[in-house]
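Just passing along the structure, written as structure tokens.
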Amino acid sequence: MNWRVVVGDREIPIDLAKLPDMREVEPGVYSVLQDGRSFLFRVAPVNGAVLVSVAGRDYKVVASDPRAGGRHGRHTLGEGRQNIGAPMPGKVIRVLVAEGDAVQHGQGLAVVEAMKMQNEVRAPRDGRVVAVKAKAGDAVTAGAVLLTIE
Amino acid sequence: MNWRVVVGDREIPIDLAKLPDMREVEPGVYSVLQDGRSFLFRVAPVNGAVLVSVAGRDYKVVASDPRAGGRHGRHTLGEGRQNIGAPMPGKVIRVLVAEGDAVQHGQGLAVVEAMKMQNEVRAPRDGRVVAVKAKAGDAVTAGAVLLTIE
Amino acid sequence: MSMFRKVLVANRGEIAVRIVRGLHELRIPALAVYSDADRDALHVRMAEEAAYIGAAPSTESYLRIDRIIEAAHRHGADAVHPGYGFLSENAEFAAACEEEGLVFIGPSAQSIKRLGSKTAARQLAKAAGVPVVPGTEDATREAEEARRIAAELGYPVLLKAAAGGGGKGMRRVDSEDELESAIRDASSEAERAFGSGEVYIEKLIVDPRHIEIQLIGDRHGNLVHLGERECSIQRRHQKVIEECPSPLSATRPELRSAMGEAAVAVAREAGYFNAGTAEFIVDRDGKFYFLEMNTRLQVEHGVTELVTGVDLLHLQVLVAAGGTLPLRQTEIQWRGAAIECRVCAEDPEAGFLPTGGRVAQLSEPGGPGVRVDSGLYAGFEVPFEYDPMLSKMMVWAGDRATAIARCRRALEEYAITGVKTNLGFLRHIMDDPEFIAGRLHTGFIPGFLERRPREAPCPELEDMAALIAAAHVRARNTNGNGAGAQRQGSVSRWLANGRAGVLR
Amino acid sequence: MSMFRKVLVANRGEIAVRIVRGLHELRIPALAVYSDADRDALHVRMAEEAAYIGAAPSTESYLRIDRIIEAAHRHGADAVHPGYGFLSENAEFAAACEEEGLVFIGPSAQSIKRLGSKTAARQLAKAAGVPVVPGTEDATREAEEARRIAAELGYPVLLKAAAGGGGKGMRRVDSEDELESAIRDASSEAERAFGSGEVYIEKLIVDPRHIEIQLIGDRHGNLVHLGERECSIQRRHQKVIEECPSPLSATRPELRSAMGEAAVAVAREAGYFNAGTAEFIVDRDGKFYFLEMNTRLQVEHGVTELVTGVDLLHLQVLVAAGGTLPLRQTEIQWRGAAIECRVCAEDPEAGFLPTGGRVAQLSEPGGPGVRVDSGLYAGFEVPFEYDPMLSKMMVWAGDRATAIARCRRALEEYAITGVKTNLGFLRHIMDDPEFIAGRLHTGFIPGFLERRPREAPCPELEDMAALIAAAHVRARNTNGNGAGAQRQGSVSRWLANGRAGVLR
């Protein structure tokens, strides 16, 4: 039963019946011995995927259980509607656009402040604002949808 | 709904509706603020009870849920039959008595070895061996019953 | 021995933890204060007592003089340690403590006031005969006057907001042509940021080192310096790696005592006691210029402690209690080399933008020559209201090359998951030839970001990461837990059961 | 710089971790070896490579010369670090490495052999003009001869098994009346324990200090000492707290160089190189007697590193690779005071019986002046096949009093649940007036156990413990988990939901 696993942009075929000598030595921490070499992997959840850290490198991995019917399927983004998320947890200082506004690539959409630093959230492409979901003063988590463009 | 909580030999009435400012800051680790003072409690399971550590002190606590019908009731030991447990995890080197033997307080019953040290398990009182449950070579955990006297 | 009955720690994070530890070593009970964001924080757990002082924004808690003093009284504390940041350099706070019968563990309110503005500090330094960066003392508005001054100083010059800080209202001017419009821009930026458009002109020191001198003095006029710290490696005008000694000391050993004496002279002029730091910039010819005095324990004080063997926090408490400084200048010795890395919740690949999140797994380095001053624990949720610094990792070794090797080793051991940090960035700096050669200046990081080698992809690790991720997700699903729940040994158990069944 | 291609670490636990760290600082890849009991151990995770060498009992793994050498070859290692214990003082192993083209990071097989028996080492010391405890060199069987020798030495005397160790076959004899039967008892006990009933007679030094000297030498005849360590605090003939310097140095500063020179003389006589330790006992008058030479890195080497600033592991590797010792005797300086506590899985209230179990929660101390060399992690299952030492906690401070205060602070921070340890016992020693006064001798612990104050009961803490336990059990039950499962924030969640409902 082959899993569909995507690392970055690359889909990697996985056969879970063939595992190396691996031990979950602490929760989410895996010691792997392979060909006499020792590797330590750390796995932590991140927005519907997992982040795997090993030897100072981080890999974002989306692993879909074949039995689960591809619940974690590949994201479809960029063509139609696009949610604009907060770049970091913080407080919304200002929203710079309103529903219906046309926006250009690079234009400022909102200002989020965290740890005394203000950061402008910019439009990733040209489009139109179809929904504004945050207002000044809101506390937001990283990735929380601020507004949607299409 | 009052819980039956036994600390050492003392039964302490508990009202769980009246809790101080307590936070489980890490699994099994509780930060308690009471009257402006800060306490850190650590709770770890130990043989059907929990060991609570605070300020360098350890308390063995048996807490029985009133709804659970006293599953963790008070131990009844010392009068009739008595199980003799291994004092530490290790290996049984020798069993010094057989079923039916009369034993005296302080008499050696078995030898358990751990970390290169041999330790004799002695009879806690006069009595008779009614069951021998370990044999030389057995690996045992701490508290594992080696034999029973009455 | 017990110098105070109880000390209120008016801070949070790693520095609050460090102060609590120091107090415990002196057998003085600690009173922590906390905001809504910090109820679960380490400093609250480690202190004997804790007082709630308000909502998460620091203006409603850690900057509230009234609440902090009220907490001190309520708990019977007789002294306050302000740490760094927050109220540590607030003369009003120091004065309020003194008025309320609380010992402020720091300099007098008057010293703080005298050294508080850069301009005042500069005048003090000049009075003490200590070199400062050539430039105007007063705000310059007239274009004609500015042109004359700039010509005298020689280009390039730097425009600085008089009320400023953090790089706002600053402009580099390379020639007279640019001067007038630059003054206009800087002034209007300063006006917007600080409510005052006053700008002054300084000689621009190109690619300077930022080197500072640690001082400590008592109330009886004894004052010593503990040598220098190299703090040139900065991003967003904030230090990120500090060292003691400065690599410059190897080629210019005379700098330490020259700068040390200059720093002591300024402090003496200001009637200074307790710990303080004189900041200098040093140009390419090894000439140094006094910048300002930080009237508190510095973030990076630990590297000085490692090299001199002096515990600055213990001394702070001792001299605050009226004690006499137990060491003379000639007794202070420097041994080996120490490096500090500030571990921050930030993304070096995205302009060092602060990140956040909850720490999923934590493993801090240990063993020989490693000191970690940390506010972290597994499960810690990084509050977005405060500075993104999570911990300070310091190393000591017999020489700088070994210290760098040790720092690299310790950074490799340091694991924080769940929160994006700068650990990898710090580790790469340890491999940088310029860093290893000790060629440091305040423009180090932009240059490093350009020259550092791209990491080669490693398909083997990628394949293994894919496999581990799939096994992890399957085990979590099989155990009926959501993605967030983590229970020890799940994959091991699954391997022991399920997989054994498959393979045999 | 890279002295070896790859080094096999022939050990486990904290010392294997310490060696891997040192190798990484020298940029040398490490090859760990592990038994069935240690697959999950820290040293296996931290090394670049790992080789399985057999079943849990050390006779089937860590003592198997053949498997260790085979692993070194298979992985392409060119040197072996033996750590302490196991094969570290086995001349046969050192010789086998040499024959197989592997550098043994330690002294030559010949030196190990020459210093291996106490009797041979004693003869070497006498040849070097170093004082030894007065007594016979040969086994004594004739009662008449024994009476004559004992009378010459003066009572009390000590009978010792020639083949012995660990206190077996030892008898104190206070007068001639007791002598004959004591010889009979000691001899038969030695016969049973070691297969040899040979016993010799020594002058008994009453309440001696156990003080040792750290040495290091290269293959070119350079040899220095790094001063003394005080190791008098022992239980079951094993050290539990060590210090550098010895508190005795304060009153007898001449001892360090006198003993240091004696130790160097013995080592020179044996053609010694690499790290080694000369053990002495010191009587109440400050006279010292050579006991034996330990031909390896000692457990307690870290306190010497903290005080001298010398990294012994780095030097071991350097001199093993043929390098010249980079320091002269006159360059070695001692600064401040260091204390080491051996943290063990043992029960001080039950005769220091080893305990076991799985570490449920772990929090190791940090901050200024603390070094932890540890093999622990949350979830670690203490293997019962090996030594019960879990970690070494070391502190350094500017003077001994501050080091004790810091040690106490760090022990209070150290939390291990799930396994009974000696942490509380160690903490109580830090409060002992005899310890604080530095009045140490090998009988310290029995005396301490008698004089230490009973802890007063604290009903308030007991009540709170009861409450916490009940809340904990209820939250675990409510969440549908067994007693063993622990999920973060369960009580907090329960408080936020259930309790809020009750109270509002």
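Labels A, B, C and D are assigned to the chains in the order they are written; within every chain, residues are numbered from 1.
Note that a contact is a pair of C-beta atoms (placed from the backbone, for glycine too) under 8 Å apart; a residue touches a chain by one contact, two chains touch by 3 or more.
This is a predicted model, so every value here is computed, not measured.
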item	value
Intercentroid distance (Cα basis), chain C paired with chain B, Å	49
Inter-chain centre distance, chain A versus chain C - centres from mean C-alpha coordinates, in Å	31
Rounded Å distance between chain C and chain D, as computed from the means of their C-alpha atoms	38
Where chain C touches two or more other chains at once, by residue number	46, 377, 379, 412, 487-489
Where chain B touches two or more other chains, by residue	23, 26-27
Pairwise touch network: line, ring, star, complete, or other	other
Interchain pairs in contact, sorted by label	A-C, A-D, B-C, B-D, C-D
Residue numbers on chain D that touch chain A, as the complex places them	32, 39-40, 44-51, 74-75, 377-379
Residue numbers on chain B that touch chain D, as the complex places them	3, 5, 7-8, 10, 12, 14, 16-17, 19-20, 22-24, 26-30, 32, 34, 39, 41-45, 48, 50-59, 61, 63, 65, 68, 87-91, 114-117, 119, 141-142
Residues of chain D touching chain B in the complex	236, 350, 353-357, 360-361, 382, 384-388, 412, 415, 417-418, 424, 427, 455, 458, 461-475, 477, 483-484, 486-492, 495, 499, 502-503
Touch list for chain D against partner chain C, complex	17-18, 21-22, 24-27, 46, 302, 305, 309-311, 313-314, 333, 335-336, 363-364, 366-374, 377, 379, 397-398, 402, 405-406, 409, 412-413, 485, 487-489
Chain B residues within the chain C interface of the complex	23, 25-27, 31, 33, 36-38, 40
